[in-house]
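Letters A, B, C and D mark the chains as written, and numbering starts fresh at 1 in each.
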Amino acid sequence: MSETLSNAQIAWRAAQDIADGAYVNLGIGFPEMVAKFQPPGRQAIFHTENGILNFGEAPAPGEEDWDLINAGKKAVTLKPGAAFFHHADSFAMVRGGHLDVAILGAYQVAETGDLANWSTGPKGVPAVGGAMDLVHGAKRVAVITDHVTKDGKPKLVERCTLPLTGVGCVTRVYTSLAVIDIAGGHFVLREKLPTLSLEALQAQTGAKLYLDGPVADLIVPEI
Amino acid sequence: MDKTVPNLATAVAGIHDGATVMIGGFGGSGAPIELIHALIDRFRATGHPTGLTVVNNNAGNGHVGLAALIETGMVAKLICSFPRSADPVVFTELYKAGKIELELVPQGTLAERIRAGGAGIPAFYTPTGYGTDLAAGKKIEEFDGRPYVQERWLKADFALVKAERADRMGNLTYRAASRNFGPLMCMAAAETIVQARTVVDPGAIDPEAVVTPGIFVQKIVEVTAPQQEETLNRAGAVH
Amino acid sequence: MSETLSNAQIAWRAAQDIADGAYVNLGIGFPEMVAKFQPPGRQAIFHTENGILNFGEAPAPGEEDWDLINAGKKAVTLKPGAAFFHHADSFAMVRGGHLDVAILGAYQVAETGDLANWSTGPKGVPAVGGAMDLVHGAKRVAVITDHVTKDGKPKLVERCTLPLTGVGCVTRVYTSLAVIDIAGGHFVLREKLPTLSLEALQAQTGAKLYLDGPVADLIVPEI
Amino acid sequence: MDKTVPNLATAVAGIHDGATVMIGGFGGSGAPIELIHALIDRFRATGHPTGLTVVNNNAGNGHVGLAALIETGMVAKLICSFPRSADPVVFTELYKAGKIELELVPQGTLAERIRAGGAGIPAFYTPTGYGTDLAAGKKIEEFDGRPYVQERWLKADFALVKAERADRMGNLTYRAASRNFGPLMCMAAAETIVQARTVVDPGAIDPEAVVTPGIFVQKIVEVTAPQQEETLNRAGAVH
């Protein structure tokens, strides 16, 4: 097996593309980690679906205010310039195109930009939350994910086989091996781990990787 | 004008069998625990109300609040966006046993449908859900070359909402992110029942600071030390 | 000519039907007068489309705050328990059925409940304001009006000939001669001036007046 | 993050020919007089912008603010609910001369269309206008046996809005009934330009009291003693 990035390293890479002052929604779970890796001198404003703009890190244990939580129901704190609002206003921000970036997890991403990240099939209790809303409206919808599933199957595919979250919505994927844009119905490779050959990357990808200009080395710090 | 009622039992006394009841809160934040427990107590004492349709973002946690309400069997149908959570055994078991119906709605669509119900908008179009299983069978229309899903308003017979301050005319403020669905549900219910930590006289809330204007509120009960679902669950509470 | 009620007397009569604690919108102009005649012990909460609930009378001249106006752009004051809100929330109150009563003026009212009160035809600049919204949503939409036009033509008609404000929306009409309900596509006479014969009233009305139980005397104070 | 700009001229410098510009206010209450006058001054100095589509509830009064803007000839089309007023000569004369286009929209529909634009809802149904001339040619659909009119969202390239307080991140409060269309227009414009009586540092506005969250605001200019249209007109002012 080739070298792969850790979740923290994938999150770090995604964080490098977030501009100072950007309004950002991070999906529940793994994507929340992106907030930790904002480059020095940049400050994004984080939005949570349940009605806060500009929340900050978790409080110290024992200091939680359970009225002050994020969409993952974890306690958060406020930064200066925060605002509260109700759910309809919150999703107006999402659906209305006011967020600069939404970063989400994925079960599968298709070369068409389709995303499957809410259901692994008919078993169990279905639960969608805000996932289907978040894939619409943000100026840029990015995914962070391992390049393949735990049992080695591609997560980047020609067509999603799992239930869709949204159609044609993802524009960039940060994986444990590469940074890939989605444009014109294709995966366009932008960066890959320097130790990984294009052929080896293609072998772990379920759809053809296109090139459009040079492929940069995907270099991240040890975290 | 005084919309306060003397106690929780009186506040929930009018909720009838088969009613649609919106319950505020996102997880435990904004969950009107005392109103829910009053409803459960009434059911245990009288066998009513039953066959309820409940609208909430979630399906409750542990064995208090919404989870406890579902556990009693009073709820025939749940309309929500995320019925999975840290300790979802109550809903999960009833759902798998076919004893409770689920209408799964994307969270933003749920919020917008409730607002539409309150605002007299019978239907609207949203990009959310297009091309997914949750739009199956729904009307699709194209605007400016992009397809959208038609969604219908959602109204309720009752709403149970937790506020921070209420004046006797029903003007409300909320606390932090517990605001979430509260202002929307107040609009969408024929009878909105509010538990407020403090009830004040009209004029005590700055007209600029009112989040829910009193026109959307019918009954108010003061609950000066409201319980928090998260805290109850960490203590292993069972209602 | 028979005796007729003054505008103030029509407004007084309409005010008697407003319950204590009712949420009420009064149309611009003549309907605003209804607020003056609330019976003792009753307090309605007045709504204005531009975003105030529970406003009160005009301030003394020179005391006006021009940020604190009603839909007619007249300066008002606040009562305890007032609230401000934006225009979409304001019309959510209207359209969403939260107002108990809306009282409006009229050019014509039809026995079908259709109302024409926004345009006298193609000449001049058209202007509708909130009239078309107010006729929908309020639990009760009432009209106050002279029974006939200045040149003696009926304002209560079989079908409106002027551009419609709303279809089938008016349920009660308070005129200078009578109080008339609209039900089942008919004008149903409830009260008339005691000095006026039914025949004389019918002669001034453009559609058939139906009776459904006794007709009370319309008695109002000298104002 | 600091969204303040140094002066009014800078604030309106980006408004281009043919732009759609939403202008807050209901009559004079909430009218951003200084921003409008800065736009007029720019037009007088440079001949631009011109061919504007303006969205406002009214058509201005006297010869200041919106009325003065229309008087310059910069406005090709007005979308509003009530272009008639105490002293409407400016709009009336241009309209009768066929020199300005009018799209007349019921007030509640105007507000809801602007909100829809801001909320990503391309179309919605309303009872308002059904059966009237203003619904002519619009799509009708029946819900629960009642007919409704389909209305489309309204978006703008720019919004000019008057606020009471702004922090540097764009969080806003308003003053009394001058709130009216402001929060909606902030949502519906690609670039929202705000004049605020006071600009404060982030944190100075209570997060509970924020009416317009900063995400909806792009530029802020402090105008510490804003003029009131009504007061200007009573003094016979002409811009």
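We take it that a residue touches a chain if its C-beta (ideal position, glycine included) is under 8 Å from a C-beta of that chain, and two chains touch if they have at least 3 such contacts.
Being a predicted model, the structure only gives us computed values, none of them experimental.
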Shared interface partners, meaning chains that touch subunit C and subunit D: B
Farthest-lying chain, centroid of Cα atoms versus that of subunit C: A
Centre-of-Cα separation between subunit D and subunit B, whole angstrom: 35
Centre-of-Cα separation between subunit C and subunit A, whole angstrom: 56
Subunit D residues counted as touching two or more neighbouring chains: 112, 115, 119-121, 126-127, 174-176, 207-208
Subunit A residues counted as touching two or more neighbouring chains: 52, 84-85, 88, 91, 94-95, 136-137
All pairs of touching chains, each written as two labels joined by a dash: A-B, A-D, B-C, B-D, C-D
In the complex with subunit D, residue positions of subunit B that touch it: 112, 116, 119-127, 141, 143-144, 146, 148, 152, 173-176, 207-209
Contacting residues of subunit B [partner subunit A, same complex]: 26-30, 57, 59, 81-86, 88, 91-92, 95-96, 102, 104-112, 114-115, 126-134, 174-184, 211, 228-231
Residue numbers on subunit C that touch subunit D, as the complex places them: 48-52, 64-69, 73, 84-88, 90-91, 94-95, 114, 119, 124-133, 136-137, 163-167
Residues of subunit C touching subunit B in the complex: 20-21, 23, 43, 45, 47, 52-54, 78-85, 88-89, 91-99, 136-137
In the complex, subunit B residues that touch subunit C: 1, 115, 117-121, 167-169, 171, 187, 201-203, 205, 207-208, 210, 213-216
